[in-house]
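In what follows, chain A forms one complex with chain B and a second complex with chain C.
Let's look at the complex of A and B:
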């Protein structure tokens, strides 16, 4: 278990920036990622990075609009994935 | 404007004339009939042929950088209708890869929709209406023989390393596209009553997909988004009969939470990468239709399609393609030949006849022939890394890593992964072992130069890299 960073929202925002958006797009933890252009390839890359970085498994059933809409909602999802079942 | 004869666009127009009222597209961008699609293509072809920098002679090489949708399709077809060769510029390419694409294919210009950043360095921008920009590029001397290129009647360049090598750009002619679609549709059996749910990025999938559907008079259903819920909503609302997507999308659909059925579904195809374990079973339990496994490669189209749906490494039995396994046993390098093979690699220029000097295309896959004649993929002979259907070569990632000031040398491998197939991981030989570059620095360096899926997911600092006798980094 990797343990999640305290500032998970910021860590996820960093991942989103690094993986998905070119240049210095003005993103915040509440930016609507779908409106910013998150597509199926982007979702796949986010899942790969999240699983690698935070050592959690994101099930297919968690790939919903609610969970992937912002860095903040992603953080909530990652915490749920990391919680013991 | 040039005559249409033998053009793939002409074939689509001819089909459109049979049922002009039928919808070519429904969904996100509204409904557009075949008649209106033809009119839009003609309108834009006229605009494109008059753009500053569109060559009066020869074949124009025009980039299309446009989000997926009706507009993307219209522009691709309009470039071909205007006598040009269309080159999709994928939205996820960072500036370096875009510039390399523009240089290597010696683009006359790029048609862009959305995005502020330039499609290529040094372009001259013109707003041309409809929210579109024409970015005219300084005509560079192409690094391929233009006469040879034009002699094949090129319609389309897919800018990738193809399946097996370091060449950039796979050239497909109008004749090749027509043959290829005929061949692929012998296996898919798509017709005018079909409605195909669109799920793939158009910059990566266009020939044996959009072009095929339109050529067969089928309707393309564009969902609102790419999540499983969006796909299912569009499928039900518009009566989609065909799913053609990636293993990831098949897995998402199989796990979709609403328990809705997809009553009209008759054909489901997963392509580009092997399915993760369990996906095929989960999909058939949920929707009652078996997932077919397609073996698609840019050089050959869709030469194989397995309809048994049980074992994702079995890609079907050949019908109009001939197959051969290198060596004398039942396992060997997979070679094939058949209708609609690619015309040439662009850079360095190499026509199909030379690539297939022994009469065969060597796919770089290791395969086995099963007792019933079907083909099972068992591995790769070449170094291709397939990340859930997005393909890249380790050499390209290593080359970028070596350009980082803290990196003396690098080796990238595709690490096997149950869900994604493979993920790129890197071993780094640092310049200074006491202060090696951080993962964050290396990722940022790669991000500026490579599409996201090519960025290694992990970096490991090493003191040396295994080498061959000639001093090259060893792959295995």
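Let's look at the complex of A and C:
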């Protein structure tokens, strides 16, 4: 597996805050990101940031509402993408 | 207008996107197309109270000095600014029940009304129709929804302290010119690569006068759910942008085919919101960037394949940080003298500006349930599109129902061509009927 941070959920939450949401937004790893306003542009920015930051490739089949709905579900997706085939 | 001595004189420089729209409005006015305005249609339930809207609109106008400010262009090389120390009344006009609100909405789209924001209200069979007419120089679609949310809030409560700083962001420059040049490179590379294409639009250059017209179709909940099921395998249930752009592109291509004009390139600039999610303001500033999409060639046979190809362009532009590059570019261009800016726009996309305009603005007014006492049933935006390109197709959703607005300039689309477009849109969104 790639060198993913031990607390991937928090790292992803930090990325979501930094790239997409206004500073200080009350987000947790279980916040519904779509309800908080995530749109097509935000998802694409997030996907590419994940690829650049964590060195994983997110395949088309992994880009689903379930995988992008929370920082927690994102972390599970990133771990699957990073796992050797 | 009334003087507002308690308020310091407003001086709000226009942002990069504001200046782009100012140049576009200049082009429109010079060809007799009027101001670049939009109309937002809001359907509200029976509890709506006109007096509450009047009071809320008065409080809102008092708290927003930019509504009474004048545009000052200054010397060549200066950034245009809003200046003023007066408030402007936001008009609220009541119309008799049964009046033709669509006709008046179209009248408002011509931009021949004073001020930069106004409301019109009609009693309807199930409640009221509220039209908010707005100047695009001050507002993008997200800004429009922030205005509606703020007026809705002011219709519920009287704030202790009115908000007065909703008009501008500071323009801090944190990067060196070299860093900015590197940031702008993705824009320049794509812009020049697309310049070699012969871009066509249904209106065609040169710019000429013509009334702004629109038709809107509201799809049922069942139809909207069926559309989502159909799009999900391509969009993953989350990428609306390439899918609806593909639908719009193919609807335009259908008209070009019917005209026997299939050789030109189709290009579309898509506005993407620059505000971070959860950000509330500023209200009165266009804060969008643009992505430049081109029709995939060879032309894919299905909407699915077109959407996949556009998704690839979307990913490539996002990876290259094209949206940021465009923002740097238009920030530089704020200092262009107006004639030079117009000249730049006249040359954009083979003189067409774009092949058409398109946006999917997502859920309309999310999180706001009531407006001045009435529950919000539906809402959508209708902008006045410039000619060229002369056409635009816009989508939004409210509580599981999609609304599509087809906008055009009189003389650009015949009734048969509009019917052809709607047929193509329905076929792509819903599948074979």
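Throughout what follows, the second predicted complex is superposed on the first by the 83 of 85 C-alpha atoms of A that agree within 3 Å, B and C clash if a C-alpha of one lies under 4 Å from a C-alpha of the other, contacts with A are read in each partner's own complex, and residues count from 1 in each chain.
Going forward, a contact is a pair of C-beta atoms (placed from the backbone, for glycine too) under 8 Å apart; a residue touches a chain by one contact, two chains touch by 3 or more.
Note that this is a predicted model, so its numbers are computed, not measured.
Superimposing the complexes on chain A yields a three-chain arrangement in which chain B and chain C clash. Touch criterion met: A:44 reaches chain B and chain C at once. Contacts of A:36 after superposition: chain C is touched, whereas chain B is not reached. When both complexes are overlaid on chain A, the residue A:20 reaches chain B and chain C alike.
With both structures placed on the common chain, the touch criterion links A:59 to chain B but leaves chain C unconnected.
In the superposed three-chain arrangement, chain C is struck by just one stretch of chain B from 205-213, 439-447 or 457-465, namely 205-213.
Shared interface residues of chain A (contacting chain B in one complex, chain C in the other): 20, 22, 34, 37, 39-45, 48, 60, 63-65, 68. Residue ranges of chain C in contact with chain A, taken from their complex: 236-242, 272-273, 276-279, 314-315, 318-319, 323, 360, 362, 366. In the complex of the two chains, the chain A residues touching chain B come out as 18-20, 22-23, 34, 37, 39-45, 48-49, 52, 59-61, 63-65, 68.
Residues of chain B touching chain A in their complex: 91-92, 94-95, 117, 199, 201, 225-230, 246, 248-249, 251-252, 254-257, 387-388, 390, 420, 423, 443-444, 447, 452-453, 455, 457-458. Chain A contributes residues 20-22, 25, 34, 36-45, 47-48, 60, 63-65, 68 to its touches with chain C in the complex.
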